[in-house]
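Shared chain: chain A. Partners: chain B in the first complex, chain C in the second.
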Partner chain A sequence: MSLRKLLHSTTIADKVLFSLLLLLSLSGIFLIKAFVPEGHTVVIELDNKPVYLLPLDKDGIVSVDGPLGKTTVEIKDNSVRIQDSPCRNKLCVRQGWIKTGALVCLPNRVVVTIDRGRETGNTIDAVTG
Partner chain B sequence: MLSQDKYRIALLSAYAVGLHGLESLLPSPVPWLKFGLANIITLITLMLYGFRPAIMVTLIRVLISSLFTGTFPGPAFLLSLGGGVVSTLAMATALSAFRGLFSAVGLSLIGAFFHNMTQLFLAYFLLIRRIEPILFITPLIMLLGTLTGLVNGTVSELVIRHIKKSAITDPASGTG
Partner chain C sequence: MDTLVTITVVSRSQEKADRAMNTAFSEIEQIAKLSDFYSPESEISMINRKSGISGVTVSPDVLEMLSKARYVSENTGGAFDITIGPVMSLYDFHKGIKPDASKIRENLHFVNYRNLSVDRNNSTVFLKEKGMLVDPGGITKGYAADKAVEILKQQGIHAGLVAVAGDIKAFGLKPDGKPWTIGIRNPAPGNSEDDIIATIGLSDMAISTSGDYERFFILDGKKYHHLIDPKTGYPASGCRSVSVIAKKGVFTDSFATGVFILGPEKGMKVLDKMGFEGVIIDSTGKAQITPGIRGKVEFKKTPA
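Showing the complex of A and B:
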């Protein structure tokens, strides 16, 4: 059974269908990225309790009052940073802008994380078949 | 139903369960990428013996596989059932409505597409209930389904030819 013989047995409708599906899925990947917001959430926690839930795509500055004083968090261009902190070593400020992961200021008990799908906490973890 | 049909359905269902089990052992680079090898058996059954044996084989395969893997009767079982039934219906419709228009490859692509769309739809209602992740994953799953559908269709075409050829040269061996 040669491959050419097999290719011959596929119909024109097969080929049209295949190209259509390929085109549709490939363009869909780009279109959906462009049109649907990704829905990342910035979570600011103080003493392990969430105090702010903010959308990552809205720029703004908020501050939280920790045990040492005000920690200022800035959101801009889908990135987050700790702009200012009353802690001594300022490791959190030096971490700079992040797009994923977390910023931590242990002395002032502030943790900033970027989260996706926080509302339900659901992920696709079922094994289907 | 003839007893010969029953043997055929039993044998084909056993193949389908076997392939399904084998597939679950294969390491997958993406967690939701599955090859859908059992669809090869459904498609062969449909093209050689018709719709009723094909839907029987699908139902038996889904039920037995879910009992083996322990997903019965959870959402994963419902996803599997819905995908299997809808894709078999879609392939049967395409086969009878446009006879001769599609080969096994085209039918396999149709089956894969409907399987995935049904599963995404059910996943939305049963598991996730948020539209954004579903929308994000849809074209990606469609792309993967098109590729695996192409491979499965090609394999089905080869097997069907082989069975037809051996049935012509040796009429006694035409049991599938």
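Showing the complex of A and C:
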């Protein structure tokens, strides 16, 4: 089963929502920044740019496309792991489940961190003026 | 136009989100290109070049924007006037140049939205008098935010936020089930960009703010900002900032300007008449809020 099929058929994954924020300037500058959901957040970065922000308390599976291929990240029971990676030595997969700290896959440029510092209670999503 | 566009979407799939955001951004870019006052290739420049000569066939976007602009002029007693171009272009906010009073008087003659004819049946726009100029700066960004949200929805996105500079449109709810939190910039003199005076939660609504701090220069102790009263040719002085909340960004953008120019008293009446919500911070720093959002606007700082 392909990952996409898995994502579409999993009811757990259906409950997971991903937020992405794209910052673009009309003069042509291109940046990606992420929006922070409430509670503890799993931040998945590719090339130092956040591509996914997921609540730690919602189970689900996502993948990101790195230079070597797809890195698959699983969130379950308030823990996160790299389930699968196209890198050679699979050190990142061998790190197993974490509840704090970070998972790093240097060859595929993927970094997964659990961010316990930021809460969104007062986060402002945009500013007018 | 150097405008920062922020698009946020809530989606289950990164690919879908990316595709939707890129399509929405292309739409914004396209609208910006069509309505660029300074680019000779834009439709707006074509309309301006043909003033007093002939009508110009325009795209549905420009037609819609200009027809809405007329509607806003009519509903603000001309306080918002998209034909402000000839007076606006006399000012140079970068260099701090204040035009001669005689020159302002001379060019004020060309400012009259009634002489902007928008023919929806033939998709043409005509400036009836030579020398007239439309400057859509006060409506384009809000309109672009509307269109971007439309595109995102067409692409299957159910929640998100589009901010074209300070013109913001939010739809759906955040992943945590809450509305989007919008900060209103503090208009007190000398404020910084990240200084927030109040916040409000919005969903399926647009908000825009016009403030005297956006583009201005100070000459002989007097502040000259870009919100020019089409009746006098000089900056309006009743407000520091006006935020308008309504369904459509095309209206929040333009009415924020119109209400600012009308001043707090008349401005509140217009908001009431239109059924819009808003926050007006007057020239003394006092805030007035429309009844519909009282208790929903959270002030971080005491206005004054």
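As a working rule, the second predicted complex is superposed on the first by the 78 of 129 C-alpha atoms of A that agree within 3 Å, B and C clash if a C-alpha of one lies under 4 Å from a C-alpha of the other, contacts with A are read in each partner's own complex, and residues count from 1 in each chain.
Convention: a contact is a pair of C-beta atoms (placed from the backbone, for glycine too) under 8 Å apart; a residue touches a chain by one contact, two chains touch by 3 or more.
The structure displayed is predicted, hence computed values, not measured ones.
Trainee: Of the two partner chains, chain B (first) and chain C (second), which one does A:I61 touch, if any: first, second, both, or neither?
Mentor: neither
Trainee: By the touch definition at the top of the document, which applies to A:Y52: first (chain B), second (chain C), both, or neither?
Mentor: After superposition on chain A, A:Y52 lies in contact with chain C alone.
Trainee: After the superposition on A, what does A:L106 contact: first (chain B), second (chain C), both or neither?
Mentor: neither
Trainee: What part of chain A is shared between its chain B contacts and its chain C contacts?
Mentor: 13-14, 17-18, 21-22, 24-27, 37-39, 120, 122, 124, 126-129.
Trainee: Help me check something: in the complex, which residues belonging to chain B touch chain A?
Mentor: Spelled out, the residues of chain B in touch with chain A are 20, 23-24, 31-32, 34, 65-66, 69, 71, 74-76, 79-80, 83, 98, 100-103, 105-106, 109-110, 113, 119, 123, 127-130, 132-133, 135-140, 142-143, 146, 150, 153-154, 157-158, 161.
Trainee: Contact residues on chain A for chain B in the complex?
Mentor: It is residues 1, 6, 9-11, 13-14, 17-18, 21-22, 24-29, 31-33, 36-39, 117, 119-120, 122, 124, 126-129 of chain A that touch chain B.
Trainee: Touching chain A in the complex: which residues of chain C?
Mentor: Within the complex, chain C contacts chain A at residues 1-14, 17-18, 21, 25, 28-29, 32, 161, 163, 166-168, 170, 174-176, 178, 180-187, 193-194, 196, 199, 207-209, 211, 213, 241, 243.
Trainee: Help me check something: in the complex, which residues belonging to chain A touch chain C?
Mentor: 7, 13-14, 16-27, 35, 37-39, 51-52, 55, 62, 64, 120, 122-129
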